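Can you read through this structure? Questions will come right after.
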Amino acid sequence: MTHPLVLPTALQLQLNELIIGLFLLTGFGMTVARQIQATLFGFIAQSLLLAASAFVLGVHPVSPHLLALAAVTLVSKPILIPFVLQRLVPREVYSKRELTQRVSITTSLMIALALAVAAYFFALPLLRSGAPLVSVGNVAIGFAGLFVGLYQVAARNEAVAQLLGILAMENGAFLAAIAIAPDFPLIAELAIAFDVPLLALIVGLLTRALHEYVGSTDVGTLVSLREDAGH
Amino acid sequence: MLKALLANALQIAFVVALAPLYAGFLAWLKERFQSKRGPSVLQPYRDLRKFLSKDEIISEQATWIFRFAPWIAFATPIAVTMLIPVLTDFPLFFAFMGDMLAGGFILGLGGFFGVLAAVDSANPYGAMGASRTRMVSFLAEPVFIIVFFTVAFVADSTIPYIVQQHWVHPFSAFFSPSHVLAVVAFIMLILAEGGRLPVDNPTGHFELAMIDESKALEYSGRGFALAKWGGWMRFLVLCIILANVLFAPWGLSSDVSFVGLASAVAAIAVKLGLLITLIGVIECSVAKLRLFRITEFLAAAFAIAVVAMITRAFSL
Amino acid sequence: MPLLAALVPALKRSEKVVLPLSVLSAAVVFSLVVIATIDVLTLGGVVAIPHWIELDGFGALLELLISFVGMTAALYSWGDLGFGRGTPGQVRGYAANFNLFVMSMLAIPLTVEPGLAWIAVGLTTLFSVLLVSYENTHDALEAAWKYATLTLVGSAVAVLGFLVLFWAMRTAGGDDFTWRGLAAIASHLPPALVTVAFAFILIGLGTKTGLVPLHTWLPDAHSQAPSPVCALLSGVETSTALYVILRLVPVFRSANTLHVNAWLLIVGFISLGTAAFLLLQAQDYKRLFAFSTVEHMGIVLVAVGMGTALASYGAAWQLATHALAKSLCFYASGAALAAFGTRMIANTGDLVGRSRIAAVALFIGVLAIAGAPPFAVFLSEFAIARAAFTASQSFVGLMLIFFIGIAFFGLFGRAIRVIFGPPPAAVHSADQAHSVNVPMVTAIVIAMVPVVLFGVWIPEPLARLFELSSRALQ
């Protein structure tokens, strides 16, 4: 049984396209932002855009699943996660500027751009052979968001920035999910919405422990566990 | 035929006459934002009159480049004016002489001669500023090109008049990411090419920090007036491209009647007014970027432009 | 009923008797699981919520393993931490996380819906991260950070893989997003989507399983955590991640353009070989066992990659024996740590003189995990090798024996050094040494029993479970 594809209006589609374009840009912004606070703002913006995309696509024809997803995302990601992080991670971590990234900011931006373009090429054969979707861009930019988030985890040295990279990857995956599985059962969505702030909670606790016991949250310098380092 | 020629002349006169007013208005606005009284909006006209009546002093080491550069800086924006829709939305006389790429090159030509002249005068600050201007320009090139590509994808053409007709035809296309992001990238480009904050401080007098202003450092009298006027016209032309072609191509007159043209003048005054308010707000809210961070600024503009292009090229 | 079993461990509140309580609840869970397994064997399957929560043979096997190791680990934790090591707050936190961790692991074999399975896998990571960093030393925090980051990244990649799989199912017109439902329409799934889904899921969940080259967090996390946690992590957590991958293997096999078996063999051998060689240069005896985990995961993958029913039987068997033996190894190493106070092999020696029980446990554990007869692991590895030769995949069998041999020498050599070598020169960090107390010993003994027992005799129900699992893998 295939679901008949009811198309939303052209205005909705264009608005959605704009939202996902901005989604990708916030992904870039998170990767290159120097200040931790700026990275967090980028994440909040990206999560808001994710909720907006679900909302725009779910308004007409009315899809309760998508609207519920929008609401759930809205509560858990832009609101709960920053709340959790602000409470857990000591204030001084936020005011830090990450002065040493492994790759300079301009180069990082270019790499992230290249990854986004690569994600498009990656998603094309999938789109051709898969079932027709309401919004094709969601899948492509979802993949792009995943790759850019992955790059962020690899390129950033700060603990909170890496955590936000992981969350950005999940944002990308769920952006794709909006298009691929718009009627995904509510239970799963609730569970996921619960799961993500829990993630932030636990990694936040870990970051706090790092700050307390190791003295800094610059996790890029934690490389002492090796075979040859006799500690 | 005569009417078309008249419209063309009117277009050029419009740009030439309005440019100082535009710059004056921006200066006044910025001062106002900072709770000062601000100079009169017509001050640039008075400055031009003053400089045109003064003598020119030219260094003995200067060559013909130094003498010609102000004229070229004055003439190139006029040439570009003939290519873009300023008052009318149908192509005028010289519209097919060149497309947007050509427009970009012509403006670049003016800038190139300005830079050569700055080096020609053997003023060390001139040379320093010249190299910085070159850096900003060459970093801004890719952004220009990508924006043109995006526009070409949408409109299947790069002639400004045709682009303007196609760009926002179904209203929903107004929100398309390729449109919005191209506009954002272009605004960042205007800030860079026009020598505005956060790239460069146009009111600064500190030569070590000058980027765009250093081109006019050695000039005096008529040369100075022409160089300044050319700079204002260039800024105005860029803003007109943004307003009429990219962002809001409405309100242009469809014929050469008096009523049509008058309403077009009014419409463009409104659009430019809004744009200049936006630029004024941006200038008053950000600090000048350190030199090496200009690359990051332009890289961000590049990224935005590329995203505009790929969302267009691949999502259909 | 198994649902209840999953929920029981979660209720740990703030008292100082949390650790013995954990032991009690773990025992209760184990008995519940045994009952459920009997149900599975007699009825063919247990269904709690159709299409969401069901238990079949393969799942039951894993549940048994998880609950058994959970029980022994709880017992060991009581001994290790409950007698004054660590502030009450720390111990409470440990107990809470421990129980939540075990609960999330128990949830995985219960789910038949990949989405829920993914959520459960993510939860196992989350609950174990703080357990890994329990000691709050620089190294423990580093290990916990790497563990968290790498596995969460893998988890995000995997969710996209599952989504693509869902999309493929929708394209083929299916509606039943469960292991069974997917296997049913597997041949209709569009190949491009299945390939991508396979790649993403293998990479994503493979990170959690510890497949090379995504294993870099494993030696760190599995050595820095407290020993009972290590036992759980190495013994069953990696196996549960592997379980999810294996559940999807029949689906991927039926989508014709993929050479799934070949890929599994390649990935399995890469993990096996790399781990075997890395074993040879381990400096720390807990890292030694961690590498051995990678090796065994590789062996299981190779076995499944061979494709025959016999090989799949061996794979299930291997999962079981590995869980049992590995947990014993870690309890033993915990006892050794108690005796020496340090994990570095260079600073240890003569365990026999220091602590008899630790020496015996370590000796048996190492022999068992390295695959020596008459212990359980030997039998399962032998079965896999035999499957290789009978299916005329002799090359595979030979490589298998080769790598296992290398690992054997690595493990055994190091262990001998620890147990029978010369006593350490100076008494390094002797202040960390403490005595091995009764619950720990009990745990060790309980853990030892199946390892030794199953080396010579397999109980009939267990064999039936292996068979059911192998059928699920076909």
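Order of writing sets the labels: A, B and C. Residues in every chain begin at 1.
As a working rule, a residue touches a chain if its C-beta (ideal position, glycine included) is under 8 Å from a C-beta of that chain, and two chains touch if they have at least 3 such contacts.
From a predicted model like this one, the values you see are computed outputs, not experimental measurements.
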| item | value |
| --- | --- |
| Given chain A and chain B, the chains that contact each of them | none |
| Which two chains share the largest set of C-beta contact pairs | A-C |
| Mean-CA-position distance for chain B and chain A (Å) | 37 |
| Separation of mean Cα positions, chain C and chain A [Å, integer] | 30 |
| Between chain B and chain C, centroid-to-centroid distance (C-alpha), Å | 66 |
| In the complex, chain A residues that touch chain C | 1-3, 125-126, 128-131, 142-143, 146, 149-150, 153, 159, 162-163, 166, 169-170, 172-173, 176-177, 180-181, 184-185, 188, 191-192, 195, 198-199, 202-203, 205-206, 209-210, 212-214, 219, 222-225, 227, 230-231 |
| Residues of chain B defined as touching chain A within the complex | 170-178, 180-181, 295-296, 299-300, 302-304, 306-308, 310-311, 314-315 |
| Parts of chain C lying in touch with chain A, wherever the complex brings them together | 113, 115-116, 119, 122-123, 126-127, 129-130, 133, 136-139, 141-146, 148-149, 152-153, 156-157, 159-160, 163-164, 166-168, 170-171, 173, 175, 190-193, 196, 219-220, 224, 278, 281-283, 287, 344, 346 |
| Contact set on chain A toward chain B in their complex | 9-11, 13-15, 17-18, 20-22, 24-25, 28, 32, 105-106, 109-110, 112-113, 116-117, 120, 124, 136-137, 140-141 |
